[in-house]
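Two complexes are shown next, each including chain A; its partner changes from chain B in the first to chain C in the second.
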Partner chain A sequence: MVDGRASSLKNLLTSFISHRNEFDLTDIEFFRRIFKHRAFQWAVILPNLFIFVIVVISGFVGTPVGNMSFAVVFVWILWWFALMTVLTPLFSRLWCMICPLPAFGDWLQRRGFIKKEGGFRWFGLNKPWPAPLKNLWPVNFIFLFIATFIVLLTTRPVVTSILLLTLFVLGTVLALLFAKRAFCRYICPVGGFLGLYSMFASFEIRPKDRTLCERHVTKECVRGSDTSFGCPWLIYPGGLERNNFCGLCMECIKACPYNNLAVRIRRFAKDLLVKSGRALDEVYKAHIMLALALIYIAITQGPWGWLRDWGNVFYKPTYGFALSGIQGFAIHAAIVWSSSLIIVPGVFYLFCALSKYLAKGEGSTKNVFINFSYTLIPIGLAGWIGFSIPIILVNWSYILNVISDPLGWGWDLFGTKYIPWQPVLLEAIPYLQILAVIIGLIYSIKYGSEISKQVYQDERRAVGAFLPIAIFLILVSILFIWLFVG
Partner chain B sequence: MFLLEVIFSFTLGKMHRSIKTFIALIILLASFACFAYYVSPVSAQPQHKYFNVTARQFAYEPGRIVVNEGDIVTIRLRSADVTHGFYIPELGVDETVSYGEEKIITIVADKVGKFKIRCSVTCGPLHPFMVGEFVVEKGGINIIFLGSTTILIVAGVLSFIIFSRRGKQVG
Partner chain C sequence: MSKLSKTELICLLIIIGIVVVMPISFYIYEDVLRVNRAAAQPLEVHIFAWASENGGWQPNEIHLKLNVKTKFIILAMDTAHSLIIEELGIDTGPIPPGYRKEIEFIPSKEGVFTFYCGVLCSADHHFMTGKIIVER
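Our next item is the complex of A and B:
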């Protein structure tokens, strides 16, 4: 017994880096029962929905001062940090499991909160999502549009609340028009980058035995059963190879009559080697996220005040030569859009062309571009982690302040409202950022070289093809390091 | 292109991997040592330096102050609009300045690195983004940047060599 436990613990601890010791949580009775329980997702969404309501209300009726606002502090300090440094890298789309945005839509579609009643039928029009929009381009453009207003969003509570409320209403309305979670899959701006970076995560739901799923005719994981609504994410769990569109709702676990789905802790970045599903719309997300990481670090953490002025549409120049709010914001928007859609992908494309030349490859440069763009995921995520570290270490005390006075009405519920602003571990921040970038680079190069071996059968060509990409990755990493400590 | 092909052939040559790794490391470190030597000034004696800094919503002008280790820095701080902070706890600096006021701050640059100057007084919507940089170099070189870049490049090159030589992965 003791040996068995020790072995399980060893498997768990090594599962993050080893492909031999993946650890299946459904092997543990406690987790298996929780995942199969109908009230599970409802129970994890409910507290989050409560916080969501406070966030939205506080943005509308609370203080307009960003760093004193529950809306801004909870969303852009606590949630953002947790999402980018813990939830997504470790647990894939765990956020989607507990996200309150599509909750009402789900409950309306299902005509209930938890149970599936006898004689069940979906509520709403239940239309299929339009075929031309079955890709990530809408998500990319919606995300980029919202990202353009980042300075406004992260500093004006009411703007944060308007955005969240809009997404909530949109999620609900789309649930009434289209089948299942079309909103999460094709519209949600958060879902886009969570899907991308969840490929790096050390967590997955996968079939234990794919042949069993192939032979199984009734496919309850998709269609649903007496105890499950089936996958709301419009995917076939029996064929899952990547995390991108799995929202970890556990409906498939509840549905499978053979208990053939595993919830595994696995090695990081495993999905980057999965060839199926690679597409231009998806890799463009990687370029957008990389460009935005660099731009946001420069705007919000750099010494360039004029960059912040440009991002602030309400900026009123008070001295010297300065552009007005609208003029500056137009330049800011041009920088954000051109960097994300043209400059970063364009420069990468040139490196891909060089890669093709060195490998004497026959395929199109576009295919090289698509395949190698997945190498940007670890380094991009590392950049975002580096960006997020100072956000929490500098501003953590604001979280305690707003918990005691969520609406900014002068309450002091827990005696923490007046805790002074006190950044911690400031001297450690640069080293943590450097560490994140170096680890990200190593993962990018490791998986890039393996992708290259997938694409080119000949080892010599594979190495040649990857060399320019590795140089690009190193240059991007140096850029991050320069922004952090240069 | 020629250079890339040389590197390409180097990574695939018949030389033992550990020797190649060693050579790569030596070349890289030597390159950076040469670079550091080239950019460092002849004399880096501690000096007394003076800066006029204006704090305004939501930046410091100039936004970046660069000094050498050991320098004594005197900053004449003014505000162009509302009350702002000038906070660098790593160097023991915590000052505020109101509009119309002038504060003299003396900093002994006894630690190397890039330190953020942060506003410690809520000064408007973008207050959390109001940062500047106080960079303390050693002999004219930002050694944290140089050192971390060196480590990063070495890590990148080593990763490239090691992972490129590993067996083929099944995708």
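Our next item is the complex of A and C:
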């Protein structure tokens, strides 16, 4: 018994890096029961809904002071850090499992919170999502539009509340018009980058035996059963090969009559080698995220105050030669959009063209570009982790302050309102950031060389073809480190 | 529409509690705090300090009774502020944004006095003034 437990623990600990020891949580009775329980998702959304309501209220009626605002502190300090450094790299789209934004839409569509009853009919028009929009381009552009207002979002609580309320209303309305989670899949700006970076995560839902799923005719994981609504994410769980569009809602686990779906802890970055599903709209997301990581580090953590002023559309110049709010913001927007859509992908395309030339490749440069763009996922995520580390280490004490005074009305509910600002581990920040970038680079290089072998088959050609891509990844890493510590 | 089961009804009540009751309770709590404070003090004045560009002092005209113990509760709303009334010898010192400071005093002189912010709080800081009227 003890040996068995020790062996399970060893499997669990090695499952993050080894492909031999993937650890299936459904092997444990406790997790299997929880995942199959109908109240599971409702229960995990509830605490988040509680926080979401406070966030929205505090933005509208609470203090407009950023570091005293529950909206700014909980969303842009706590949530952002947790999302980019813990939830997504370790647990894939765990955030989507607990997100309150589409919750009301789900409950309306299902005509209830928990129960699945016989004779069930979906509520709402239940229309299919328009075919021309069945891609990530709308998500990319919506995300980029919101990202342009980063300075306002992170400093003015009311802007955060307006954004969250808009997404909430949009999620609910779209649920009444279109089938299932069309909002999460094709509109949600957070879902776009979570899907991309969940490919790196050490967590997955996959069929245990694919042949069993293929043979199984009734496909309850899609169509639903007496105990499940079926996958709301418009995917076929029996054919899952990558994390991108799996929101971990566990409906497929509840539905499968053969218990043929596993919830596994696995090695990092496994999905980067999955060839199916690779597409231009998806890899553009990787370029947008990489460009934004570089720009945001420069704007919010760099020494260039004027760059930050440009991001503030309401900025009033206090010295003669400064640009006005609109002028500066136009330049800021141009930098954000051109870097994300033209400069970063354009430079990478040139490296891909060089790669193809060196390998004497036959296919199109566009294909090389699409395949190799997946190498940007580990280094991009590492950049975002490096960006998020100082945010929490410097500002964590504000979380305690706003818990006691969520609206900034001078309350002190838990006696933590007046805890002074106390940043921690400041000396360690650059080392942690460099460590994150180096780990990201190692993964990018490792998986990039594997992708190169997929593209070119021949080992020698693959090595030559990957050389320019490796140089690009190293240059990006140097740029990150320079922005962090230079 | 089918009848709600007991479980669904409990779920619905919990959601209503979070979405409707909780926000209302914030206001009730704030009002209770105010009432308690008012019961403990004969005269209590809440003053919200905004930079001039954001509206300045709210209220910017305050009527007080001569020789009646008074408590000012000053909340710095958008940036650091302070409240100074030279003639009555009051200076709160800087109040960080999002914090409140309480100050008790007895207005012992009749007349109209100017109060102002003593922290260089914005470009229009010098316009951040208000009027105290002390009457019998």
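In this section, the second predicted complex is superposed on the first by the 485 of 486 C-alpha atoms of A that agree within 3 Å, B and C clash if a C-alpha of one lies under 4 Å from a C-alpha of the other, contacts with A are read in each partner's own complex, and residues count from 1 in each chain.
Keep in mind that, in the parts below, a contact is a pair of C-beta atoms (placed from the backbone, for glycine too) under 8 Å apart; a residue touches a chain by one contact, two chains touch by 3 or more.
Computed from a prediction, not measured in an experiment: that's the story for all the values here.
> Could you look at A:V394 and tell me whether it touches chain B, chain C, both or neither (first, second, both, neither)?
After superposition on chain A, A:V394 lies in contact with chain B alone.
> Give one of first, second, both or neither to describe whether A:W411 is in contact with chain B, with chain C, with both, or with none.
second
> Which holds for A:W42: it touches chain B only (first), chain C only (second), both, or neither?
Second partner only, chain C.
> Could you tell me if A:L467 is touching chain B, chain C, both of them or neither one (first, second, both, neither)?
first
> Between chain B and chain C, whom does A:V65 touch in the aligned arrangement: first, second, both, or neither?
In the superposed model, A:V65 contacts both chain B and chain C.
> Of chain B and chain C, which one touches more of chain A's residues?
More residues of chain A are touched by B.
> If you stack the two complexes on chain A, which partner ends up touching A:V437: first (chain B), second (chain C), both, or neither?
first
> Who does A:G486 touch here: chain B (first), chain C (second), both, or neither?
Touch status of A:G486: first partner only.
> Examine A:V313 and indicate which partner it touches, taking first as chain B and second as chain C; both and neither are also allowed.
Once the two structures are laid over each other on A, A:V313 reaches no partner at all.
> Of all the chain A residues, which ones make contact with chain B and with chain C?
Residues common to the chain A contacts of chain C and of chain B are 64-65, 67-68, 318, listed in rising order.
> Where on chain B is chain A touching in the complex?
4-5, 7-8, 11-12, 56-64, 80-81, 89-90, 113-116, 118, 120, 122, 125-129, 131-133, 142, 144-145, 148-149, 151-153, 155-157, 159-160, 163-164, 166, 168-169, 171
> Going by the contact rule set out above, which residues of chain A touch chain B in the complex?
Per the touch definition, chain A meets chain B at residues 64-68, 151, 155-156, 273-275, 299-306, 308-309, 312, 314, 318-319, 354, 358, 390, 394-395, 421, 423, 426-427, 430, 434, 437-438, 441-442, 445-446, 449-451, 453-454, 459-460, 462-464, 466-468, 470, 473-474, 477-478, 481-482, 485-486.
> Spell out the part of chain A that touches chain C in their complex, as residue ranges.
39, 42, 46, 49-50, 53-54, 57, 63-65, 67-69, 111-115, 117, 316, 318, 405-411, 418
> Applying the document's contact rule, which stretches of chain C touch chain A when the two form their complex?
Residues 1-2, 4-5, 7-8, 11-12, 14-15, 18-19, 22-23, 26, 29-30, 33, 73, 75, 77-79, 97-100, 123 of chain C touch chain A in their complex.
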